[in-house]
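We call the chains A, B, C and D, going by the order they appear; numbering starts again at 1 in every chain.
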Amino acid sequence: MAKIIVYIDDKKLEAESGKTILEVCRENDIEILTMCHLEGITDIGACRLCLVEIEGNNKLLSACTTKIAANMVIKTKTERIKKYQRITTELFFAERNHVCSVCVANGKCELQKLGYKVGLDHIRYPFLFPQCEVDTSHEWYVLDHNRCIMCTRCVRVCAEVEGAHNWDVMNRGNQVRIISDFNTPWGESTTCTSCGKCLHACPTGAIWPKDIVQGQLNKNPGMITELIEKRKLGL
Amino acid sequence: MNRQELKTTIEAEKNKLDLQKTKHRICVCCGAGCISSGSEALLKKLQEEVETRGLEKDVEIIPTGCMGPCNQGPLVKFQPENTIYQKVDCNNIQPVVQAQVVENKPIENMLLFSDSRSKPFVNAKDDPFYKKQLKIALQDCGDINPEKIKDYLSHDGYQALDKVLFEMSPEDVIGEIKHSRIRGRGGAGYPTGLKWETVYKYVSPEKYMICNGDEGDPGAFMDRSVLEGNPHRVLEGMIIAAYAVGANKGYAYIRGEYPLAIKRFELAIKQAKKMGLLGSHILGTEFSFDVEVRIGAGAFVCGEETALIASVEGKRGTPKPRPPFPAESGLWGKPTLINNVETLAGIAPIINKGGEWYSEIGTPKSAGTKVFALAGKINYAGLIEVPMGTTLREIIFEIGGGMPGGEDFKAAQTGGPSGGCIPAEYLDVKMDYESLISLGSIMGSGGLIIMDKSSDMVDVAKYFMEFSMDESCGKCVPCRVGTKMMFDLLQKICNNKGTRIDLNRLEELAVYVKEASLCGLGASAPNPLLSTLRHFKQEYENRIEKEI
Amino acid sequence: MSKKKLATVWLGGCSGCHMSLLDIDERILDVAALADIVKSPIVDGKEFPEVDIALVEGSVTSDEHLQEIKLIRKRAKTLIAFGDCAVMTNVTGMRNYFPLKEVFDASYKYAVSNDQYGQVPSHEALLKLNDKVVPLQEVVEVDFVLPGCPPSADTIFYVLFEFLNDRIPNLSEAKKLKYG
Amino acid sequence: MNAAPTVKDIEPVKADPRLKLIAAKIKKENFKPDSLIEVLHIAQNAYGYLPMNVLKYITKALHLPPARVYSTVSFYHFFSLKSKGDHTCLVCTGTACYVKGAQAILNEIEKTFSLRPGQVSTDNKLGVSVARCIGACGLAPVVVLDEEVQARASTTEIVEKINKMVAP
């Protein structure tokens, strides 16, 4: 691929054309916050944390889905972007019921880390407190909708990597929920292979194994990325 | 059918029409509005009436598309006099036929607007309702039978297609469209010619042309009326567009709420195929193009291009980030052109009369005409088409006949849930893309709702926010959670429980959702809120608690 | 410099934050050197006095809490939301997912008990639970938030010590931001 | 390659003419997964809603993952997983109807029949729903009773007509 020049946060960088802004930033140790992105699976630009400003474009674009172009001038840390990252994080917390103190992911949660990163000490918006179900029907795993942030990483991992497509999203708007098969209990799924990839892909404590308690969750989303890499190499 | 055969058919149909000019043509409006008021029964009764009187030879009865003043229906128009009768039903059709056909003397107190005008007009074209209008997209609506392709042919139908296929290269067509300066009538106002050119430039063995008839704005029914009243015009526009960009397959995505439009468009496809105007080797040329109807399933967001594409692919209608734009990677990853119904309805006249002609109508930046669906607190609600740049005052007070009961005008809502409210001090605003944006509203697809003082603007903002919240696809965070949060805050303020902090939160969220959302729905969802905050801030202030 | 007046308050929480406060151990002497603790669950006193700093643990769950926090707001120069419950309702707020009646029934009527005729206690002298539990900032202006369930003793001391020395603490910069 | 499933693959096997309709559509669409919405339209029109066994049949016939079918069905307002009642009353709440008092009609319906939009009476006689705009704004407010459009609906008139409609 041809090399082109881009300017990110006033740094002149050389990068391969065809790459996304996110890829180029990560290669050059420029931090971009993400939540719905998971290396190796399709990017959907849904969480809006990776928004960047591009000179000459009055719209904010998601770094994970936007490809670089020659001489593109990109800003990743403007005041506006920082402010929006904070609001997005606040909305994540306010949308469902995130109670860190009783969560299996406490201390290992990507959402919690994101909160620290953007310096979120409290949420300025009223919490929505929706009534959410907890699906404990699977023999080994639990799906707790209270902690789900609808990043759909589980959906994509299951469909793209495992090839099972057990998960999808139902309804729309703020009524969206992750579903298994025909919105039937996970334990009754005819498509789930119980491979556990969704568990590792999940950034929060929404999917977890039954045999652990508060703060004990250990996830390894990198494993999924590695798996994809290995497959590409035919290993 | 080849070119010569088409020409012969058109000539024959036109001659027929000329012959008939001496006779009476009775047009019965069978737009959705008049059908709901009983025009189908009326049509039957009228046929019986004509038969009993033995007038079949002198009279042709034509069920047509929308004539405009929908709340006066059912409407019946007599040609060539161009006399329109309002609120005609099975009981009062007899005297009308007697007077108009037999005695040639109109019944004044049944004419259009006779109940509100001191002197109604015998020739409806003289009525201010029509006089200020200029019909291009709606040109033949109300004059032809939408279910007969020959009626369309007699009104210069498919002549533009003929011209394009035999006299113009795709570049010529694009040039002509660019020259006309027509802009997308779906809402955003992107220059149509530029859009075509972009799709044309992508090299791909497969390209698609989609007609966007997913008119989801509450209060808008322009596309519906065009599709129901003159489906062939839209189809012709699609074929020309496909020829220009090099697409071989097209989809007409029509709202499921419009069964009549779907039926008529499917019929139009069938008729056009039969005559060789659609399908393989159109009019004997090398160009082939096929169209399929896709029925929308009730999701406002599917009016957004990428969501519409997902829906055509049989999936959830969730939008995708752009770039890549559909012009590069659209339906099944192939270059795809998407145009709105009204835009496509304007294509044939541009080809026939030239881009120059079209570009001279309207304002320098917004050429042509725009169809508005006039509704709300207005005397003559219905469908109108005016040159861009007509002022709001002209539309409301001259065409629309003013407010019922002489109430004071408070605001006009344009663009539905993506638009905003225009207050009384801007009554003289020219209705074009830029002016409306500068007032914090948008042209949108053309819904125009008139409000008087009985409308509470905070409530109006809440109403639209609820709409956007329900219609949000739920994919991106700002729109999914932001619209819900804004709705809750508006609800709180409407219940007089809001605080200053809530108002500040609301303003901050509105700007955030506008800028951070993934698609156009989210980006425009805060518009009704922002515009009412801008023009009617006091109404919010009056409702918040003074503490914190 | 005259000594500051400090109050700590316990609203709808588990008192864990106060336990953590006690965990500052001997550093309480440093606090005592700069401030008098004039009102607290660990100090006697009836009326809430005028104070410089009020540390408020727990969320607002009842009409009584609401009155109390409004009074505190009036009498405290600096109001600190102390712990996750005060900041984001935390466990206290978990009843918000259900209608209040269901919560009462579950706790008093259907809970496992040797009293088979369980009933929801009601007496005018009892406080009335609000429909929804809210964090402090929903009802009063909060000057500083100190999340954590509980905040660690180190963090509490850091925040207190900064305020007592007329500095504004910064949890993010001090790398002391933590929830749960 | 698996043979395409036939109508017989569906349980119960009882020959329902509506199933044949769906099967015919699927065949016409060449079993393409992207025809899902088109097929669902046929099913929805035939049944008034989408019964679970029909959904399962479509899923199998189009070789789609169940979750994808359910997610699509639940996304679009046109598709319903529950029966909407023997008689239906649909109130348009588009902007024009809203301005002209659609809410008052809904309130009256709620008062008289204790049914809110989306609800069906316990005897399944009457279902009340709302549409975002049926596109007849010039006739606002509009109510559709069993497919019949009622223009410029007055509150009392509508209640009367519903009473007549559900009367045994």
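The rule is short, and it goes like this: a contact is a pair of C-beta atoms (placed from the backbone, for glycine too) under 8 Å apart; a residue touches a chain by one contact, two chains touch by 3 or more.
All figures in this text were calculated on a predicted structure; none of them were measured in a lab.
Enquirer: Pick the pair with more C-beta contacts: A-B or A-D?
Expert: A-B
Enquirer: Find the chain most remote from chain D, comparing centres computed as mean CA coordinates.
Expert: C
Enquirer: I'd like the Å distance between the centres of chain A and chain B, where a centre is the mean of that chain's Cα atoms.
Expert: Taking the mean C-alpha position of each chain, the two centres sit 40 Å apart.
Enquirer: Can you check how far apart chain A and chain D are, centre to centre, with Cα atoms defining each centre and the answer in Å?
Expert: The computed centroid separation for chain A versus chain D comes out at 35 Å.
Enquirer: If you average the CA atoms of chain B and of chain C, how far apart do the two points sit, in angstrom?
Expert: 58
Enquirer: Find the geometric centre of each of chain A and chain C from their Cα atoms only, then give the gap between the two centres in Å, rounded to an integer.
Expert: Computed value for the inter-centroid distance: 33 Å.
Enquirer: Among the residues of chain B, which ones contact at least 2 other chains?
Expert: Each of 299, 316, 471, 473 in chain B touches at least two other chains.
Enquirer: Check each residue of chain D and list the ones that touch at least two other chains.
Expert: Correct list: 68, 71, 75.
Enquirer: Which chain C residues reach two or more other chains?
Expert: none
Enquirer: Under the definition above, what is the set of chain A residues touching chain B in their complex?
Expert: Touching chain B from chain A are residues 44-48, 51, 59-62, 65-67, 80, 83-84, 87-88, 91-92, 94-95, 124-126, 128, 150, 169, 171-176.
Enquirer: Which residues of chain A touch chain C once you look at their complex with the stated criterion?
Expert: 93, 97, 99-103, 106-107, 112, 115-116, 119-124, 126-127, 129-132, 146
Enquirer: Quick one: in the complex, what on chain B touches chain A?
Expert: Within the complex, chain B touches chain A at residues 299, 301, 316, 320-321, 323, 469-478, 480-485, 488-489, 505, 508-509, 512, 515-518.
Enquirer: Applying the document's contact rule, which stretches of chain C touch chain A when the two form their complex?
Expert: 81, 84, 87-91, 93-94, 96-98, 132, 134-135, 137-138, 142, 145-147, 149, 171-172, 177-180
Enquirer: Show me the residue ranges of chain D that touch chain B in the complex, using the header's touch definition.
Expert: Interface residues on the chain D side: 32-38, 40-41, 68, 71-72, 75-79, 93-96, 98-100, 131-140, 142, 149, 151-152.
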